[in-house]
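Two complexes come next, and they have one chain in common, chain A, joined by chain B in the first and chain C in the second.
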Partner chain A sequence: MLNAIIPLLLDSLASAALIFFAAVGLTLVFSVLRVLNVAHGSLYSIGGYVAASACLFIASRQMNPYLSFVALLFSAVFVAAIFGPVVERSLVRWTYGKSEAVQILITFGLFLMLEDLQRMIFGVQSYYEDTPMRLLGTTNLSGVVYLNYQIVLIVMAVAVVVGLRFLIRHTRTGRLMTAVVADREMAQAVGIDTNRIFMLAFSLGVFLAALGGALATPTSGIAPGLGADTMVLAFAVAAIGGLGQIEGAAVASLIVGLARVLAIYVAPELDAVAPYAAMLVVLLIRPYGLFGSTSVRRV
Partner chain B sequence: MKRIGLSAVALTIGLAAAWPAAAQEKPDALGLGIFTFTSGPAAAYGMPGKNAADLMIEQINAKGGIGGVPVSATYVDEAQGAQGVIAEYRRLAADAKNQVMVAALSSANCLALAPIAEQLEIPTVGWNCDTHQLLTDGKSKYVFRPNGNTVPEFIAYAIYLLDRKPDVKTVAIINPDYAFGHDAATIFKAALKALKPDVEVVAELYPKLGSPNYQTEISRLTTAHPDVVFSNLWGGDLENFVRQASPRGLFRSSQVILALGETVLQRVDLPEGVIVGVLGDGWWMSPDAKANPETAAFVAAYKARFGEYPVFPSIKMANTLIYVKAAYQAAMQKNGGKWPTRAEIAEAMKASKVATLTGTTETRADNDGLVDQIVGVTVKSPDHPFPVIGQMVRYKGDKLMPQAGQDPIGWISTLTPEFAKSLPKPGSYK
Partner chain C sequence: MRTILAAAGILVIAALPLVAPWLQFVLTLAVAKGFAALGVAVLLRAGLISIGHAMFFAASAYGVTFLARLGVNDFAVLLAVSVLAAAAVGAIVGSFLVRYRAIFFAMLNLAVSMVFYALCAKLYGVTGGTDGMPVPIPTIFGISLGEAAFKQVLFYVSLMLIVIVGAAVHRYLDSPLGHALSAVHTNEIRLEYLGIPVWAVLLIAYVISAALAGLGGAIAGFAIGRVVPDFAFWTASGHLVLVAVLGGIGGVPGAFIGAFFLELLHSAAVTVTDAWNLVVGAALIIVIMFLPRGFYGFFEREKASAL
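Let's turn to the complex of A and B:
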C-alpha cells in the first residue's frame, strides 16, 4: 500500500511545485495591481530560454557546472530587471482601473509581441539543458527512482510561499503593498509612492514567472508554444485558488497536481482535462475560488 | 454592345481551348509545396526533412532540374495547425506553378489535406504520413504515400521484440495523444495479441503532443514494472522523454522500444540495447545505403552542410523527392517529352517502382507504398561518438502489409507465430 502511495504523493507534490511556480507570479500581480496579465506565460518561457542559454554558456566554456544553479536564479533576476519596469511603465500602468477587457487586450498584445521576440532571439528549435538535474543525482523511493532536483523543487516552492508571506506580512515593502491593495487613494493620500509599489509588485511577478521557467528548464525542454500552455494552466490555478490569493495558488497547485497525477495513474485518457475538471468542480461549488471572495481584498 | 459580348465569349472559348496546350509548355520553374514542421517541438523532426529537401533540390537543380526545369520549393510550417495548413495548401494549389504538394509530416494534417487534394486534383505525396487510415478506401487518385504506413512499421517492432525477448509478459505504452500514437498502439497490441496472446498491457499513456514534462508518466511506467516499454514519441517530445527517463533508470528496468529512436541518436545519450528503427528503410548506415554511391554523396553533403548526419526523416524527404522526379520522368516519357499535366503526373505515380537512396518504393493500386522495414538495437560504434543501429533486420515491405482494401487490424489478427518464424531474424541484415 505504502509502495503505491509514496509515488502518488511525491509525483503530486513535484507536479504541484512546477504548477505553483507557473501560477504564483500571475496571482501576485493580480492581487496588487488588479491586472490579469495574459503575457505571464511568455515571461515564464523567456525565463526558461534565458536560463537554458546561460547554462549552455557555462557548459560550453567548461566553467564550474555548479554555477548553473546560480545561473537559474540570476536568469530570473535578469528577466525581471529588464522586463518588469519596462513593461509596467510602458504598457501595464495604462490599464489600472480599466475594465478587464482592456487589460486582457493590452496584455494579450504584449503576449503576441513577446512570443515573436522569443522566436527572433532564440529561434524555433527546442532548448535543453539538464546540468543542474544531473548534478543533484537521484534517490530511490519505494522502488521508483526520483530526481533529487524534483525534491529540491518541492522545497523551493514551499520556500517561495513562506518567503512571499514573510515579505508581505513582515517587511516594509510588503506592508506598503498591503496598504495599496486595501485602498489605493488612501495610500496615495498618506504619501505612499503607489507607482513605485506597482512597479515593484509587477517586477516581482515577472521574477516569479521567470523563476518558474528557469527552474523547469533542467527537467523540461523549452520550445515555442510553452508560454501559451503555461498561461492557460496558470489561469486555471488562479481561478481555483481565488484570483489574487497566494496561499490559494499554493493549494490550487496541489489540487491540480494531484488531479493530474491521479489521472495518469488511474485514467490516463483524462490527463489533459484533469486540471480543468478540477477547476470546474471548484468553481461550481465556490464561484470565486477556494480563497476568493467578492468583497475582501487580501494579498 | 452585342458585338463586344460575342467577342468576349469567343476570346474566352479560344483561351479555354488553348489552355491544355499552354499547360504543357515547360514552365520557368517547377513549384513544389513542401509541408513540414519548422518550429516548435516537432521541428526537431521536421527540420531534418526540410534540410534534406533543400539539399536534394539543390542537387536536382545542379543536374539540370527535372526535364530541364529547375525545382523551386515553398515551405509551409505545419506548427500553425490544421486550419492554417489547409489554407496554405489551397493558396499554393491555386498557383498553376505549383504542380505537386509534398504534404505532409503530421498524420493529422495528411488526413485533413487528402480530401482537398482529391477535390483540387493536385498530386500530393505524403512524405511522412504514417497513419494507415489515409488510403484505406482505395479510391484515392491524387494522394500517394511512397513511405509505408503504421501497419508494417509497428508490426515490425512486435516481431523484432518477440525474436529478441521471447519471454516477454508485460508491456507498457507511452505514445502521443493523436492519430499516430493511438494507431501505433492499436497495431502493436494487435500484433502482440496475434503472435503471443499471453502478453499483458499493464499501462497505456497518451501525453499531449508537445508536452515538456514526463516525470509523472515515468513514475507510472516504473511502478507498472513492465518487461517492455513501447513508445512512438517523436521530435522534441522524444528528446524530452529520453532525457527525463534515462537518469530515472527506465532504460535499465525495462526493455525500451523507441520506434523513432534513430532520430535522436546524435542528440541524446541513448544507452545500448534500446530497440530502435527508422519506420521504413531510411537508415543512412544500412548495408544497402552504404553500397549506394549516390547515398554516400548525399550523406557526406548533408553532414558538411548541417553538421550532423541525416536522420530518417531526412532520408524520407530525399526519397520522396526522388519519387516525384521519377514520376515526372515517367510522365514525360509517356507523353512524348511534353511537360506533364497534374493528372499525367498522378498517373505516372500509380503502380510505379522507384529506386531510392535506401532501397525501393513500390506504389500499389491503392496508392500506398511498399517499403522495407529496418529494425535493430542501439550499439556503441568505434567510428562515431553516438550509438548506431546494430543487430539489424530488414523485413520486406510486402510481407508486413495487408492486401489493398483489406481491414488492417483484421489482417493483423490472422498473423501466426509461424508467420513470424518465417521472417528474417535480428542480426541477419549486415
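Let's turn to the complex of A and C:
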C-alpha cells in the first residue's frame, strides 16, 4: 500500500512544484498591478531556453558541471532584469486602469511577439539538457527509485512560498507592496512611489516565471509551444487559488498536481483535462477562486 | 455611401480569385474567421471578452464530420445543423457563463474551451486525437462535385452568407436588444431598473455569437478539409479576439475588414518573413493604443463603440 502511495505522492508534489512556479508569478503580478499578463507563459519558456543554453555552454566548455546549478538561477535573474523593467515600462504601464479586454489584448500581442522572438533566437528544435538532474542522482525510497532533482524542486517551491511571505510581511518593499495592493490612491497620496513598486513587482513576477522555466528544463526539456501550454496551466492554477492569492496558488498547484497524477494513474487519457475541469468546477462555484474574495484584496 | 463601399468591397473580393486563383482558399478562410470574429465582437460590445470562442468554431467543424460519418452528405444540411449545434452548445454554456463579468467571464470561457480542447485531443477513439478527422466533400442539393468545384462553390456561398448573415446581425445590433448590449457595458444596474433582464440580453447575445463562430468553423472545416483540436486551443480564441479588435467592433464590417486584412497581409508577409506572429502582435498593440475603434473606425460616421 505504502509502496503505491509514496511514488504517487512524490510525483504529484514535484508536478505541483513546477506548476506553482509558473502560477505564483502570474498571481503576484495580478495582485499588485491588477493586470492579467497573458505573456507570462512566454517568459517562463524564455527562462527555460536561456537556462538550457547556459547549461549547454557550460557542458561544451568542459567547465565544472556544478556550475549549471548557478546557471539555472542566474538565467532567471538575467531574464527578469532584461524583460521585467522594459515590458512594464513600455506596455503594461499603459494598461493600468483600462478595461480587462484591453489588458488581455495588449499582453496577448506581447505573447505573440515573444513566441516568434524565441523561435528566431533559439530555433524550432527542442533543447534537452539534464546535467543538473544527473548530478544529483537518485534515491531509493522503500524500493522505488526516485530522482533527487524532483525533491530539490519541491524544496525550492516551499522556499519560494516562505521567501515571498517573508518579503511581503517583513521587508520594507513588501510592506509598500501591501499598501499599494490595499489602496493604490492612498498609497500614492502618502508618498509611495507606486510606479517603482509596480516595476519591482512585475520584475519579481518575471523572475519567478523564468525560474520555473529554468528549473523545469532539466526534467522535461524545452520545445516551441511550451509557453502557450504553460500559460493556460498557470492561469488555471492561479484562478483556482484565487487571482492574487500566493498561498492560494500553492494549494491550487497541489490540487492540480494531485489531480493530474491521479488522472495519469487512473485514466491516462484524462490527464490533460484534469486541470481545466478542476478550474471549471471551482470557478463555477466560486468565481473568485478558493482563497480569493470579492471585496478584500491582499497580497 | 457605406453600403456602396461594402458592396464594392465584396465584389472586389469575389473577383480576386479570377485574377489569382490561389487566393480563393485564403479568402474563404478569411470569411470563416470573419464570422467567428463577428461573434466575438458581439460580446465585446457588452464589454465581455471571451478567450474561448474557438471552442464553438471547432465544435461546429467537428459537428460536420460527425454528421458526415452518420451518412448526412448534403452541404446545406451539414452547414445548418452544425451551426445549430454550435448555438445549442452556446445556449448550454452561456446559461452558466453570462452570470459572470470582466475577468471571470474571460477565465470561464477559457476553462470551458480548454476542457473541450483537451477532450478532443485525448479521446482518440471518438475525435481522432491530435490527428483530427477529415471533412468530406459534401454534395450540393444532390449534385456531387469535384474538390476544386466544391471549393469554388464554398467560396461564393460564404460570400453570399456575409451579405445575408451580415445584414441580419446588423439588424440585430441596431435593434433594442442589440443596443442593450452597449448599455450593459455602460451601466448594467440602470438597465435592470428599466426592467430589461440583463441575463436574457446577454444569453441571446452569447447564443448568437456561438452560432456565428460555429458558422465560421463549419466553413473553415470545409475549406481546410480537416478538423484538428488546435482549432479550439486558447491561442486560436485569442486570434479571434485579435481579428475583431483589429477590424473594430463598431459594426458588422469591422470583423470582416480585420479578417481579410490579416489573411491577405499574412499571404503577402510569408514571402518576406516567417516571423508572422511578431508582425501581428506588434500590429495588435499599435492598433489598441492608437486606433481604439479598429480599422472600421475610418469608415464610421458617428462615434461608436470602442474597447
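Methods note: the second predicted complex is superposed on the first by the 298 of 299 C-alpha atoms of A that agree within 3 Å, B and C clash if a C-alpha of one lies under 4 Å from a C-alpha of the other, contacts with A are read in each partner's own complex, and residues count from 1 in each chain.
Criterion: contacts are C-beta pairs under 8 Å (C-beta built on N, C-alpha and C of every residue); 3 or more make two chains touch, one makes a residue touch a chain.
Small disclaimer: the values here were computed from a predicted structure and weren't measured.
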{"item": "Chain B versus chain C as contact partner of A:105, first or second or both or neither", "value": "second"}
{"item": "Partner chain(s) touched by A:67 [first = chain B, second = chain C, both, neither]", "value": "neither"}
{"item": "First, second, both or neither for A:272, with chain B first and chain C second", "value": "both"}
{"item": "Touched partner set for A:14, first chain B, second chain C, both or neither", "value": "first"}
{"item": "Touched partner set for A:192, first chain B, second chain C, both or neither", "value": "neither"}
{"item": "First (chain B), second (chain C), both or neither touched by A:135", "value": "neither"}
{"item": "Partner chain in contact with A:221 - chain B first, chain C second, else both or neither", "value": "first"}
{"item": "Touching partner for A:82 - first (chain B), second (chain C), both, neither", "value": "neither"}
{"item": "Partner chain in contact with A:236 - chain B first, chain C second, else both or neither", "value": "second"}
{"item": "Chain A positions touched by chain B in one structure and by chain C in the second", "value": "119, 269, 271-272"}
{"item": "Chain A partner contacts - residues on chain B that touch it in the complex", "value": "38-41, 43-44, 47, 79, 177, 203-208, 210, 212-213, 215-217, 219-220, 222-223, 236, 239-240, 243-244, 247-249"}
{"item": "Chain B contact footprint on chain A (complex, rising order)", "value": "3-4, 7, 10-11, 14-15, 18, 119, 124-126, 128, 130, 133-134, 138, 143-147, 150, 216, 219-226, 229, 260-261, 264-265, 268-269, 271-272"}
{"item": "Residues of chain C defined as touching chain A within the complex", "value": "44, 47, 49, 51, 96, 100, 102-104, 106-108, 110-112, 114-115, 118-119, 121-124, 233-235, 238, 241-242, 245, 275-278, 280-285, 288-289, 307"}
{"item": "Contacting residues of chain A [partner chain C, same complex]", "value": "36, 38, 91, 94, 99-102, 104-106, 108-117, 119-120, 228, 231-232, 235-236, 239, 243, 269-273, 276-277, 279-280, 283-284, 287-288"}
